[in-house]
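Next come two complexes, and both contain subunit A; in the first it sits with subunit B, in the second with subunit C.
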Partner chain A sequence: MAHRRKSIGIQRIAAYAAIAVALVVTLFPVYWIAANSFKYDIDIFSIPPQWVPANPTSKHYHAAFVERPFLIYALNSLIIAVSTTLVSVVFGSLAGYALARFQYPGRWRYQISFWILSTRMMPPIVTIIPLYIAFNHLSMLNTKPAVIIAYTAFNLPFATWMMKSYFQDLPVELEEAAMVDGDTRWGAFLHVALPLARPGLAATAIFCLIISWNEFLLALILTLTERSQTLPIGIAGRVTQYNTYWGEISAAGFTACIPIMIFAFVVQKHLVRGISFGAVKG
Partner chain B sequence: MTVSIGAKFENSFERWFERHLRVLMLAPAMLVLLALTIFPSIYMIIAAATRISPNPDLPWQFAGADNFLRLLTDEQFHVGLWNTLVFTVFAVGTEFLFGLGLALLLDRYIRRLNFLKTILMLPMMLPPVAVAITWKLIYEPQFGVLNEIMFRLGLPLQAWAGDVRLAMFSVIVADVWQWTPFMFLLMLAGLASLPDEPYEAAAIDGASAWRQFWDLTLPFLKPVIAIALLLRIMDALRLFDLVFILTGGGPADRTKTLSLYIYQVAYRFADPSYAAAISLFVLFTTVAFSTWFIKRMRLAD
Partner chain C sequence: MASVVFQDVVKKFGTFTAVSDLNLEVRDKEFLVLLGPSGCGKTTTMRMVAGLEEVTAGEIFIGSDPVNDVLPKYRDVAMVFQSYALYPHLSVADNIGYPLKIRKVPQDKMRQMVMEVARRVELDGLLDRLPKQLSGGQRQRVALARAIIRTPKVFLMDEPLSNLDAKLRVQMRAELKHLQHELQVTTIYVTHDQIEAMTLAHRVAVMNKGVIEQLGTPKEIYNDPRTLFVAGFIGSPPMNLIDGEVKDGVFTSFGGVRVDGLGSATVASAVLGVRPEDIHVLPAGSEKTNIVAPIYSVELTGESTLVTLRAGAALLTVRADKNFVGDFDQMVEAGFAPGRVFLFDRQSQDRVDF
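Our next item is the complex of A and B:
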């Protein structure tokens, strides 16, 4: 691009150095939790710290996933994340398409869109007490469906806005052509718009998966036992006032990061749009 | 006969479906959102105006504005409010400066950056609980990495997250680590969409790089900056996971955020009415701030 002026050598070196520092600072903590998850306790506590595990062991993974119920926590996380994602993406695509394509009287399109976005402004801690009481009345506390319902509510504004932004980018002529050929509006949505928006659907789904997989506060309050507790809750449970099971939580924590690191590379093209609610085009 | 009636019914159903498609497509999402925002709001208003008895058989007593008046004299609430504001200002401010700086560097000096970009944005997508655990490990006073670095540099060792003076700083550093990538990515997207012509004109006029940044880049980036700040401020104001794991709000309440305090009031002190009052305060200030901010930055268009 023309506005990038030809740069002087020293500036360039300084820039590369700064970027290298940023890379090290970014990667070191991730490396550190991984390294500690493969150390024996005595090596975790060694002074000075052992930069590379001298005697690598999978002991903590065995302790967490075989002896303790972290496999169940991970399965709960998976079930909850996938169900939440399915519902959010379906409802979000429907609403996103309606907001992107239909005519509305006056400023209704803007009003509805803004209202949907504004529901996301509600801090989770504000909604959690009434939700807790409601699920308690329905005898749904400590069940996966309760967590799925709560997560769906928190993912929907995001899913709707993101899908709206993808549908708005599609050329409207293709749907119009299908409708001229005798297809209904619903048919045009189902057979033309939806397949074209597949990259958007995938990106939205992965963001919903990540958000649900990572969520902590709602699960902390809505879940009580292994029946519904998720991975983050299981990890937090091993940080007690008296003892922190460093090896175990490092193993579980690093395991929780692995799917995210894979997904990060899958969504890299859609990142900006995803994290900005579709408000900034990636 | 039956077949044609069936077909006719199907036909009219289809017509009805098609005519109401707009509402039908909006309905599922709107109903879920209505149920999960309107109901809690109403519940919170009622709960905040009553004194809920710990005994579920006793009726709620009307308490008027009592719960809200308590906000004025509750020192713990003031501490939580102050901590939340300090955290938000310093964490989001630092993330913005680092993110913008890094984006300017990458935009100018590195062309093929998809792989780099993905690595640099990793922290933001990792589970906050795992991030908190990692930083707890780094801050650990005895065997933590940070004190090892301090020792090698000949600096005094610190208790970091366990130190009254450094706890908030430690929380902010961990948050900056996780969320600078967010600012960085949005700024990078903003920079990629800048038009070339004004810069060509400025170069002909002999404007310095600094002037170009100040007069062209910043004004062009303003909408992206505003969105990034708004989203981050809204998240920072509700900080919970990181302090819950890293410090538990301590030491001496130095990192107790409003979200953590509401959690404690509701579940440890079993006082949902007062928790509701604090929550409503948080909700109103958040919404008031966002609305003001959106108007001020003219984001609505």
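Our next item is the complex of A and C:
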């Protein structure tokens, strides 16, 4: 008995140690960016490192958001990420529901689902030249809608699959009951299936939001000026031929983290349920 | 209020035939029970009435209207699901009021009707709860209340009592029967529990493998089973079915069962059916004796004693008097009540009249 208790104690200590290591690894970079954003340039490079800013300054924030158009980048990012998320979640839910519930001849349910997923199987970079040419012909280069369309194309398959598995796990009798009670299929979807799929909607939304908020490659090719450039592009732009403005990069980078963090905190309850949904029945 | 008519209805799932050539008329205001083992097509039949399954061939009428191509919402039926299918995100009041909300009944009228129905099924006081905060019996009442809040043409009930504990099931059974009598709404009720079928139904349709084996009142089904399946399915404990042969009106089996006076019937591969309560323990040497066999077990159920006899390879259940006394392996003589013995053909599964 004593032996057993001791081994549980060790296991527990090991678990906490592992969590502590994981926390340091994930949180330290965030802290370091935040700390650097408040330091003078010279302090950023000081040896030994300055763990806490000795002379806090807001000069990099001023430089980024007042002297440089980072506010506009942030606004572009917000418009693009929110639009992409909305479109992906709305159409992903509809498509996911259709795949989860409707009857298909033969193996068409599987075929269509697989085809949707297969669009995610190629690396995004292979689509860049065709996308560039297509948007060029449409005179849509350097516009926000072009970026939104490109992002939606990459998020929609994911949203569809996630919502499909979510709807599949809802008991079908609930919608049948709604239809017998006098609802149409659309009404049953709207009044019963969708409210019950809220955790799935939240999880899907935050994934879409994070993916489009952080995306770099497509935005780099499709955007040109502050008319459509997003935060990641703006931040990368501070690495110049002659100088890398670490202070501004840190200030903008830390600011860019904040909206996603807030959103994640707001929906985290749903997020955990959404991710684990389907893993445990009942 | 309406009748429901099935005309040559067929339902196939791919190559599997769930219901074949169903012809049935559920009369107006009738309580009809579809009874059968799982997979016999009874739930599929009901779901076709609700419009939740498409009909492969044939026609279903509700009242005088063919409804094959009518959406569920226009069929004016109400259904109680086995799982109750309560909307988990809505309160009890909203669950019950859902059919009215969809029909855009004004708020205050809806609230009043919900209160009325809730009182009827004794749910008033629980109206603000969520389904997950209710017990099984209360959930069942919510499902029932949701069905009766509007007066539909037909009630459909899919094993509504099967998730309740035994005591509650008996109580709800009586309430259901009373409710149907009060509301006078045509009801189709699906169950695999033959006691529910016997107690609730005006008429029972016994289904097996997608076809109706027999349609009749509970009394007819019990006293006059037309097929081997119906004979074995109805009754608890079930009817004794003894394999043997009939020659010139005399039945004999390997277990030493002998019954004569079966007319002039001759069946090579016959099954003799006799209910436990139609077998009587007789004093030794009686001339009415049909079998002499050792006791396999004795079970006192309270109002009677179930005596199981070993007749060759078969076991025979006898419902004896509650004061019956007997020990294992003791030899017992028993006689079958004249006129209460049925004969079936093993090949065709049909009754052989004599």
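Heads up, the rule we're going with is that the second predicted complex is superposed on the first by the 245 of 282 C-alpha atoms of A that agree within 3 Å, B and C clash if a C-alpha of one lies under 4 Å from a C-alpha of the other, contacts with A are read in each partner's own complex, and residues count from 1 in each chain.
Convention: a residue touches a chain if its C-beta (ideal position, glycine included) is under 8 Å from a C-beta of that chain, and two chains touch if they have at least 3 such contacts.
Since we're looking at a predicted model, the values are computed, not measured.
Contact with subunit C, but none with subunit B, is seen for A:P195 once the two complexes are overlaid on the shared chain. When the two complexes are overlaid on their common chain A, residue A:P53 makes contact with neither subunit B nor subunit C.
In the superposed model, B is the one of subunit B and subunit C that contacts more residues of subunit A.
Of the two partner chains placed by superposition, A:P69 touches none, neither subunit B nor subunit C.
Once the two complexes are laid over each other on the shared chain, residue contacts for A:W246 go to subunit B alone; subunit C is not touched.
In the overlay built on the shared chain, the residue A:T184 is in contact with subunit B and with subunit C. With both structures placed on the common chain, the touch criterion links A:L23 to subunit B but leaves subunit C unconnected. By the document's definition of touching, neither partner reaches A:G237: not subunit B, not subunit C.
Of the two partner chains placed by the overlay, only subunit B lies in contact with A:I260; subunit C stays clear of it.
When the two structures are aligned on the shared chain, A:L174 is found in touch with subunit C, with no touch to subunit B. Counting contacts by the rule stated earlier, residues 184 of subunit A appear in both its interface with subunit B and its interface with subunit C. The residues of subunit A lying in touch with subunit C in their complex are 171, 173-174, 176-184, 187, 192, 195-196. Within the complex formed with subunit B, the residues of subunit A that make contact are 1-5, 7, 12, 15-16, 18-19, 22-23, 25-27, 29-30, 32-33, 36, 44-49, 90-92, 94-95, 97-99, 102, 110, 112, 114, 116, 118-119, 121-127, 129-131, 133-134, 149-150, 152-153, 156-157, 160, 184-186, 189, 210, 213-214, 216-217, 220-221, 231-232, 235-236, 239, 244, 246, 249-250, 253-254, 256-257, 260-261, 263-265, 268, 271-272, 275-277, 279-282. Of all residues in subunit C, those touching subunit A in their complex are 50-52, 71-73, 75, 77-79, 81, 83, 85, 87-89, 98-99, 102-103, 146, 156. Remark: subunit B residues 14, 17-18, 21-22, 25-26, 28-30, 32-33, 35-37, 39-40, 43-44, 47, 101-102, 105-110, 114, 116-131, 133-138, 142-145, 148, 151, 177, 181-182, 185-186, 188-190, 193-194, 196, 199-200, 203, 209, 212, 224, 227-228, 231, 234, 237-238, 240-241, 244-245, 258-259, 262-263, 266-267, 272, 275-276, 279-280, 282-283, 286-287, 290, 300 touch subunit A in the complex.
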